[in-house]
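There are two complexes below, and they share chain A, which is joined by chain B in the first and by chain C in the second.
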Partner chain A sequence: MGNFGYLMDGFATVITTHHIVIMVIGVMLGILVGVLPGLGAPNGVSLLLPLTFTMDPISAIILLSCMYWGALFGGSTTSILFNIPGEPSSVATTFDGYPMARNGQATRALTLAFMSAGIGALAGVVMITLLSTWVARFALQFSSPEFFAVYFLAFASFIGMGANAPAKTLVTMMLGFALATVGMDTISGGLRLTFGIPDLIKGVSFLVAVMGLFGIGELLLTTEEGLRFDGIKARVRAVDVLKALKEMPRYGWSILRSTLIGIWMGITPAGPTAASFMSYGLARRFAKDKSQFGKGDPRGIVSPETADHSAGTSALLPMLALGVPGSATAAVMMGGLMIWGMTPGPMLFIERPDFVWGLIASMYLGNVVAVLLVLTTVPLYASILRVPFSIVGPVIVAIIFSGAYQIANSTFDMWLVLGFGVLGYLFKKLDYPIAPLVLAMVLGDKAEDAFRQSMLMSNGSLTIFWSNPLVGGIMALGLLMLAWPVVAKAVGLRGIRRGSATTHSAKL
Partner chain B sequence: MLKQITLAMLATIAAAPALAFEPARPVEFVVTSGPGGGTDNFARTVQSIISKHKLMDASIVVTNKGGGSGAEGFVYAAGHKGDPYKLTFGTNNEYLLPSVAAVPYKAEDLTPVAALALDEFLVWVNGESKVDDIKAFVAAAKAEPKAIQFGGSQSKDTDQILVSTIADATGAEFRYIPFKSGGEAAVQLAGGHIDANVNNPNENRGQWQAGMVKPLCVFRPDRFPKSEPVHDGKGWNDIPTCAEAGLAIDSYRMPRTVWLPAGVDEAAVAFYRDVLKKVSETQEWSDYVAKTSQTSQFMAGDDFKAYQTGDRENVRKVLKREGWLVE
Partner chain C sequence: MVEFERGSVSRKTMEIVTALLTAGAGLAICYGSWRSGIGWSDMGPEAGYFPFYIGVLVILGSLVTLVRSAFFYQHDGEIFLDSKRARPVLGFFLPVGAFIVVSLLLGLYVGTALYIFGSMKWQGGYRWWVSALAALAVTALFYLVFEIGFQVPLLKGPIEGWLGIY
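After this line comes the complex of A and B, so read on.
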């Protein structure tokens, strides 16, 4: 019996009233924790974990995984409406989602995000169904040098994407790297940049930084501009949802590329955050007309969302097949698996096919349920923007600060949010890009660990990054991305010349 | 301030006759690892057993404070001096961390309550490795000094200390590569990127089942109890102890420990000790310990103190030799 037969068995297990109800509950709870910044999927799933100890494992994993999908969708909602990413992986969605919502097209932005997210997730599940046996072996080839190469590629595909001065990009990126080093260092076991402040031992949470830089920073700007949202006059109609749906096929190419990036990053496992950033960077790089990026380009929403969700879904495969979680949430679920009496690892597929394929079947259904639930509620979410700023503003501030507190139950983090808020405001005023800082904070310490582990393995020789076709290939791709602006300029100049020549002839 | 004094007085009056302690509000379980880590599973298992058997009336809130290899949680508990509502879960990292890193707390800032289990360490190699026993492994390491790469979780922590102890006992030289977690070290070994690791049973079980890694020996004084076969007809009981296989280290284990902040009443310590003792006597606890191949061993009071003193002395010898001691 092939995977397909197992999958059908899985569907038979999953399609019961009991399990469908669990799915709906899971998705709803997930949307809730996703919408509240700071609570997030890993925390939400941990909170729910004790409740599942008495459930049978299949129902339990359905509940937790559906909560995960819901949280991923909820995270995009706040990114688009308030410029506050509910999840680290939805930061890239703010770049174009928020401007589009401000232009009065909140419904369009949300619909595009949810649809592409749903497509990304389903693509991830299809991949798991088809490739589960093969992928496990591929992921085993990844060691520290390969991981470093992947992170290098993520940085490279992001550099030079902004219209800002390269020096400013460099400054913010370095600041991000510095913030990422705060706390305990994996390689030396020592504390760095904590200045004797106990609250800094755990490091600077990336979510705290993001909530301050984006959320508070944006509120300060809005307040300065006159206490209102530009989007408030926008009318919200269900028709807009359908219109946006009709638009989707236009972004087929972006969706395909982002799906591949997402699946790859989910499996390897570099995680959904890296995937969404890389996908956004590439969408921008390969776009013919870059002028709308950062101002509400639909491709800037579709690309990171697709990649985010396909990576989030694919991340479950290494967890099940190898026992290595591809994301923080997957790590929590893995803890659950062990408590339910299962050992994640290569034998799980052989010993408990009923569980694994039940889960996979529930991923198909869970995502469909999630997309339907969020799509029908889009107008509801979008209408939040019509509430006067004098009401929404303070509510957002309250949500941000309670969210910042919830991350680690630390009051110190609330001061950090305030500090980052001021920094975000200054960055915007002085035209410094925030995205490179965020990217460096997320991937900085991982890239550093991977690099130093590689150096330990090779006794300090850089040739380890060219030691096999896999790592060499990724590095080469990274270098190509780094050099791309120069290459594109050379190619682009010819294109423009040809373009102006045709306009000339047209005039004549 | 006045309110606090009054409360304190009231509390003394209330506590004086019976000398009993009973939590009157929710108890916080401070977990010194991230969600999904070994300490996290430990704390959440204890939590589920307590609520299932109603061993405590007050509700429980679990918070993960795993930053800085767990230092975050211990610093947090140390900052709540005298607060009997912060029960902190850890390993021997409570007294290990202050010796290797400049963390802002001292081992004495927490009061030991009990240890519930001992987690084991084994030497694992890749499933396709030509080496089948620890003697051959050590011989290979001696033939090519610093060629064998040992992966492990974190730096200057239990894993690296054990690798250093092996090196000292045999005269072989290894290269140690720290990863973020034992899980990462397990996958790196399964993929053949490193040569060996010293993971706990639970961290490598899945890979062993599939034959991707194999155990050489375990650092227990005696063999594991009999259990179901895991791979190729071999079970945990078939793994020789390192001492019997020719590596002169009798025992190296990691306790699963529970702490309160310093300065709490003896009555509070006694209360939690009794609750944990009851936890360790349930069927669910035996199941957890068996599933994760740990050894259930309840230690409290003087037993636990004596264990700590011994453990600290052994560890300090290694730290001194490697020059890792921070003071």
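After this line comes the complex of A and C, so read on.
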């Protein structure tokens, strides 16, 4: 069992005081960005990324990934206590989490959420441990056409399986690709799409886009809705935690089902948000007694939380093994890997096994640390949310712009962030999905290289994408995903697609 | 933002405006790619080859949204923004713009301090010394974290020079 040996090596790398401290800092910062409006996981990781350029890659990835876990937990906290999802993926948790907390059972709701989230996350990591080497070895036989086919599959499933209108998903995704091509062309060395603006020669960083779209855009929406944080006072008492722990086994079936949904949605790029909604929908559909859903049914908390976190961790499998991230945050982390000089994908397992397995080991530990930390620090973070927005808002804005400046010491980037902020506000209000844009920006260069090299191999003929069963199979799967809305309608599975829809379910 | 003057703007209008905007971006992408060459050279596909088709797809997607919004509209009567809701958004947005301009002139530390002071004083209604203390505290924290903790310099202006920090 080679993987097990590697994993033990990974633990040996990770269990040092230095790395444990980094883990705790990462989780604490993560909970903070998860709790604060306008600072979600993708944005938090983007802001932290420029600060890690001087760190060694293992410490840096531990910091960033732990921030991701912390943000997922922080998002659930505000869903339950404030009825405000800190992350899009924890919207489904508000349906039953907030009512339960309002009934005076805040500790029970939080414990159920954190424990099932922890279980979901660990299940995702176990899956990664078992499958990653196998997937990476399989991907070693890939050449350019196969890689392009994998990218095609990833983006096709966004269009076909996403909750938003396919045409809108197509537009944001292609804008992402276009933004990725701005600047110097790596193959010919010529300038592209710069329109004579010197500041565009260095290209548009995906970090700038994330900070604007997710950060400023989210804050604009928050101010428009005039959010007031009138939360439920939470005091976590050990007795209540133990009581909630004792009832966990009762939801074993829900947890198992949600884990499977989460892992599947995490590996395919549907992501944690779709997973949590789908899991909630299915929990409701399979429940014998539906009367308590929406009023504080524990299954309504356990199911979306498990799926959310197992999808969140599973999203790192395709990122590590194939170089195709399964969520916006994973995309940002992958961009980070490339900045640190590593190429995510099958070769990473051969060239830097210490890095890969250190990261996987840190995912086990990080999630345990996160559950413990979040349970003990909930009251602290809940009080942060009671600080008025007129203080928190400007501080977040200042952090975002300082972060934007640090990416490339460029003042032009600050204006870009503002522009992306307006775009993000517009897109969010009109149900354009933003995650595909970020994914396309990170993957743009790699997808284009794969396409151009394939074209070189075939002298410009598209038939190369059908030249052998492997690439043909992946392309066929991609086309099926593209046609999925039509297929699903024909087979009468529309309900499932709607089950995974977001609150502003796009009916187009 | 002309549309605020009429009081409110419907979602349908904004759908159409946004679709036209993205279609325009698509045209710009196609034009930019065309200038870099979209054909085939001795070295294989030219620089604009890939982005040109990306631009075509952006235009296609925008057209679908445009047609759907104009003829098969499903959110009838929905309002995108009215003047009551636009005010807090602008009240947040304009200071952010001012913050960028001040930061470009005086550096990010001074910009941050002034921005937080201003927001707390005029939007939060805090007393001036509370706002000033908070602004100084946040700026000092930024300095500790960025400049000393992670050793990444932020944009500095003339004032840091006079104080001899930089």
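Following the convention adopted for this analysis, the second predicted complex is superposed on the first by the 271 of 508 C-alpha atoms of A that agree within 3 Å, B and C clash if a C-alpha of one lies under 4 Å from a C-alpha of the other, contacts with A are read in each partner's own complex, and residues count from 1 in each chain.
Operating definition for what follows: a residue touches a chain if its C-beta (ideal position, glycine included) is under 8 Å from a C-beta of that chain, and two chains touch if they have at least 3 such contacts.
These numbers were taken from a predicted model, which means no experiment stands behind them.
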{"item": "First, second, both or neither for A:143, with chain B first and chain C second", "value": "first"}
{"item": "Partner chain(s) touched by A:250 [first = chain B, second = chain C, both, neither]", "value": "neither"}
{"item": "Partner chain(s) touched by A:237 [first = chain B, second = chain C, both, neither]", "value": "neither"}
{"item": "Partner chain in contact with A:402 - chain B first, chain C second, else both or neither", "value": "second"}
{"item": "Partner chain in contact with A:18 - chain B first, chain C second, else both or neither", "value": "neither"}
{"item": "Partner chain(s) touched by A:295 [first = chain B, second = chain C, both, neither]", "value": "neither"}
{"item": "Partner chain in contact with A:190 - chain B first, chain C second, else both or neither", "value": "both"}
{"item": "Which superposed partner A:451 touches (first chain B, second chain C, both, neither)", "value": "second"}
{"item": "Shared contact residues on chain A - chain B and chain C", "value": "50, 53, 185, 187-188, 190-191, 409, 456"}
{"item": "Touch list for chain B against partner chain A, complex", "value": "34-37, 40-41, 44-45, 47-48, 51-52, 62-69, 71-72, 75, 79, 100-105, 149, 154-157, 160, 175, 177-180, 183-184, 186-188, 190-194, 202, 205-207, 209-210, 212, 287-288, 291-292, 324"}
{"item": "Complex contacts: residues of chain C adjacent to chain A", "value": "11, 14-15, 18, 22, 25-26, 28-29, 32-33, 36, 40, 43-51, 54-55, 57-58, 60-62, 64-65, 68, 74, 80-81, 85-86, 88-89, 91-93, 95-97, 99-100, 103-104, 108, 111-112, 115-116, 119-120, 123-126, 134, 138, 142, 146, 150-155"}
{"item": "Of chain A, residues touching chain B in the complex", "value": "42-43, 45-46, 49-50, 53, 140-144, 183-191, 196, 198, 201-203, 322-325, 328, 331-335, 338-339, 341, 343-348, 351, 408-409, 449, 453, 456-457"}
{"item": "Partner chain C, residues of chain A touching it in the complex", "value": "50-51, 53-54, 165, 167-168, 170-171, 174-175, 177-178, 181, 185, 187-188, 190-195, 216, 219-220, 223-224, 226, 388, 390-391, 393-395, 397-399, 401-402, 405-406, 409, 411, 414-415, 418, 421-422, 425-427, 429-430, 432, 448, 451-452, 455-456, 460, 507-508"}
